[in-house]
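Shared chain: subunit A. Partners: subunit B in the first complex, subunit C in the second.
Here is the complex of A and B:
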């Protein structure tokens, strides 16, 4: 079975982020990780490999040269092969473009199953996985919390729906996005890290994936960044003084009613 | 070119979701400024009550009442909403960034090759078009974005982004039908509604959130009681969920849910960046923690420095008597 895992390298949640003077670009401290939700996708692929014979796990990202580090993390965990589709000078804010490129890669590479995290923790969009499925005309299930193999052509998955949980049987090829709770992603072993350091990661030119340059370049973007700003900070906290819990609570309720008007 | 606005209406347990009314209210404001038509889109089966319910909020109600739309599925809903968008050519389609919205809108955007902005918290009208407000990097940066090169734009908004305004509309009902394809490659085997909680965490007006300071799962009863008095929901920090004191669906934070209730009360929550990223857009934040140096106080409007086990029972009593007065 061929499993594709699409990943993204994202800024560490604690990385310093500054808005550049043009107000339209960001300067991010050099602290990047494999996206939190993508770790679940890589882990689930490795688990499937343990259950289905002759399974190959291919990870791929559309990113800058730096993103090779995140691909190496996936190999260190246990993926077999990685590809970087190089977005130098083409990086885009439009998920339609990224999804088209990844779908183009999937078509070229061939696959039975595609996994990816339910969303990236940087742009917090959560569009790419579902869009790739639509471009490939395959079924998808969002934010799965459980995956079982029925046979090589069929999977049983669980995900949350409004007000409950659903179990679905899905024919492959299909795409699933992974949610926290599906597994506990492993920490790579030193042998894995050694293997990843030596792994050959081919760099792919996105224009070789059957898409014309005009479809993927910056002019094709349907999303335009107007500006970035930092959120307005809150005034300093008002600590409520009082001798007893009763006094403090009384004052709090009064403030929430009369000042904040939320009770 | 059309300037019309579509609002995708969502229901839960047979009633219209609060977030749908929020979107209708914002849509109304835009429709007036643009002199365009506001459409409420109701998809489902046996949906007369829902179409009646949205009439006062919209100019027109497009209803597609079909057996194939009984339960949400991306296949039939993408077909149905895609059909209506092609037929009516709205310039804007608003949805909520709920489980359904996050599943349906990207699929639809890819189908229509329409630009999408997800999990937005605001939208403004400018001379040269729209300006959409969207937090990124866990709310540490606000991005303002616009869409271009396309007749229709899709936008999902975080629940609690807009206030609900009651307007007397006429809501002319238009019944539609379409050819809907149920994807035979997906077969729903089981639906478990038992895990459902009364108030959706992201839609809750009040969230009372417990951290590790709650000391154990049994003490969350204190929070449940207060949440019930206030008609709110109990949330939990990552540490609490990782310790299996509460379910993942309760988790507020970067890897959990992003919430912006009118009132957030953090109890024994330290305020790690991971957590504050998921709640710092709340309108009013109260922190209760015995450690005066807890980070949560940097995000709070009001703080009580005390043992939460001294405070919560008193708070419960105080809120109870407040409720009785009202």
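Here is the complex of A and C:
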């Protein structure tokens, strides 16, 4: 079985991020990680490899040269090979273009199953997986929390719905996006780290993926970033004083009613 | 001149940093408070394979270069120096002589299991009356049939009370001073070999440090670790620079841990209506700390590069150990000042870094001894 895993390298949640003076771009401290939700996708692919014979896991990202580090992390965890689709000098803001490029790669590479995180924790778009599935004309299920193999042509997936859980049987090829709770991503063994350090990661020019030039052209984006703003500072925490817990709760309820007006 | 880490070195640094954040950092405070060897963490962490860091791939190691080793030592000490000491003992000093001189049988019995974390290793130099002054070693090894008989007591032995084997420095001829010193392997269960007092330490808690007693311990000739008698001190010289640089890297790790937490605190702690990081006197502290840590890291990497290249690194290794440790002492102190009174409470972390840093003053050579060594080498014989 050929499993493709699409990943993204994102800024570490603790990285220092500044808005540049043009208000349209960001300066991000050099601290990057494999996207939180994509780690679940990589882990799930590795677990499937343990269940299905002759499974090959290919990891791919559309990103800059720095993103090779995230690809190596996936190899260290247990992926077999990785590709970087180099986005240098190309559009990176329009998810539609990213999805077309990744779908182009998937067509060229071939696949039985595609996994990716439900969303990237930087832009929070959460639409790449869905769009890739659409471009490839394959079924998809978003934010799965469980994946079981029925046979090599069929999978059983679960996802949370309002007030409960839904189980679906899905014919392959298909695309699933992974949600927290599906597994616990592993810490790489040193043998994996060594393999990752030595791995040759081919860099693909997106213009070789058979997409029309106007699709990936620098000006192809239908989305423009107008500005970035920092979130408003939170008001200071108020400590509710009182002699007894009962008194404190009374005061809290009073404040929630009269000041916060939420009761 | 190129100061950049290779892509592989960067990747390794990132992976080990993430691993430490995930596995070690959350347990650091508990390790310190309990002051017990963290067996569960030991099993989980060593299962990843890092104990073979320095050794060739053919025997299950990673064959990491010296820069990567330094990044590893720094990162794991950033997580918990109590845990780091035990890990690094198995990686470096505790197994060095076995790898270099051990027979196939010794390697099978001790080295390879130690690389997998199944056995705990240690190295015994220090005695109650001798540390840096190796010539004052009083533990003796006397030829006895097809082996050696060892008598003496070692003190301040990292992993000592829980070790499965140890490399012991002993004199085979006290009249020869340094030229009478040699190394021997003693394994747990050998009659006469026992552990004595376990030290209750100010810092580096979680590492079990203590006394090892050799009471008429007989070991076979195979356990003599060397090419020929009298070269023990020379062999020490072959690894000493790496050990000193490692100590400096650990100091840097403690400093970085303290610095990171102080930085978080300075961003969040509000005084007089704004985060304290807005005040110039706090900013100055970060400017100084960052400058010092960068300088220390450059010295350590430079020394590691020299060791890797086979150059004479004696002075830079001693200087880097000394400088990085002094930087560490400065940074952990500033960390407590930034935290204010909270730093004085056991439930917060700055006091742990403050206590841990002290040990590195002594391990790897006291600064009084190192300064004399450096000065003597610079001035020469007059």
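Following the convention adopted for this analysis, the second predicted complex is superposed on the first by the 259 of 263 C-alpha atoms of A that agree within 3 Å, B and C clash if a C-alpha of one lies under 4 Å from a C-alpha of the other, contacts with A are read in each partner's own complex, and residues count from 1 in each chain.
The rule we apply is simple: a contact is a pair of C-beta atoms (placed from the backbone, for glycine too) under 8 Å apart; a residue touches a chain by one contact, two chains touch by 3 or more.
In this text, all values refer to a predicted model and were calculated from it rather than measured experimentally.
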*Have a look at subunit B and subunit C on subunit A after the superposition and call it: clash or fit.*
fit
*Once the structures are superposed on A, label A:50 by its partner contacts, choosing first (subunit B), second (subunit C), both or neither.*
neither
_Let me test your reading of the model: by the given contact rule, A:196 touches which partner, first (subunit B), second (subunit C), both or neither?_
second
_Comparing the two partners subunit B and subunit C, which touches a greater set of residues in subunit A_ = B
*May I ask you to decide whether A:94 touches subunit B, subunit C, both, or neither, giving the answer as first, second, both or neither?*
first
*Once the structures are superposed on A, label A:163 by its partner contacts, choosing first (subunit B), second (subunit C), both or neither.*
first
*From the CA centre of subunit A, what is the angle out to the CA centres of subunit B and subunit C, nearest 10°?*
120
*Is A:11 touching the first partner subunit B, the second partner subunit C, both, or neither of them?*
first
*Where does A:125 make contact in the superposed view: on subunit B (first), on subunit C (second), on both, or on neither?*
first
*If you take every C-alpha pair with one atom in subunit B and one in subunit C, what is the shortest distance in Å after superposing?*
7
*Partner subunit C, residues of subunit A touching it in the complex*: 33, 68-69, 72-73, 76, 187-191, 193-194, 196-198, 236
*Interface residues, subunit B side, partner subunit A - complex*: 10, 12-13, 72, 74-75, 78, 98-100, 102-103, 105-107, 109-111, 113-119, 131, 135-150, 153, 183-196, 206, 230, 248-249, 254-256, 258, 262-263, 273-274, 277, 280-281, 283-287, 292, 297-306, 310-311, 314-315, 318-319, 322
*asked:* If we count contacts the way the header does, which residues on subunit A are in touch with subunit B in the complex?
replied: 11, 13-14, 17, 19, 26, 36-37, 93-96, 99, 121-131, 133-135, 138-143, 156, 160-171, 174, 180-181, 220-231, 234-235, 237-240, 245-246, 248-250, 252-253, 255-257, 260, 262-263
_subunit C to subunit A touching residues, read off their complex_ = 7-8, 10-12, 14-15, 18-19, 22-23, 47-50, 52-53, 57, 62, 270
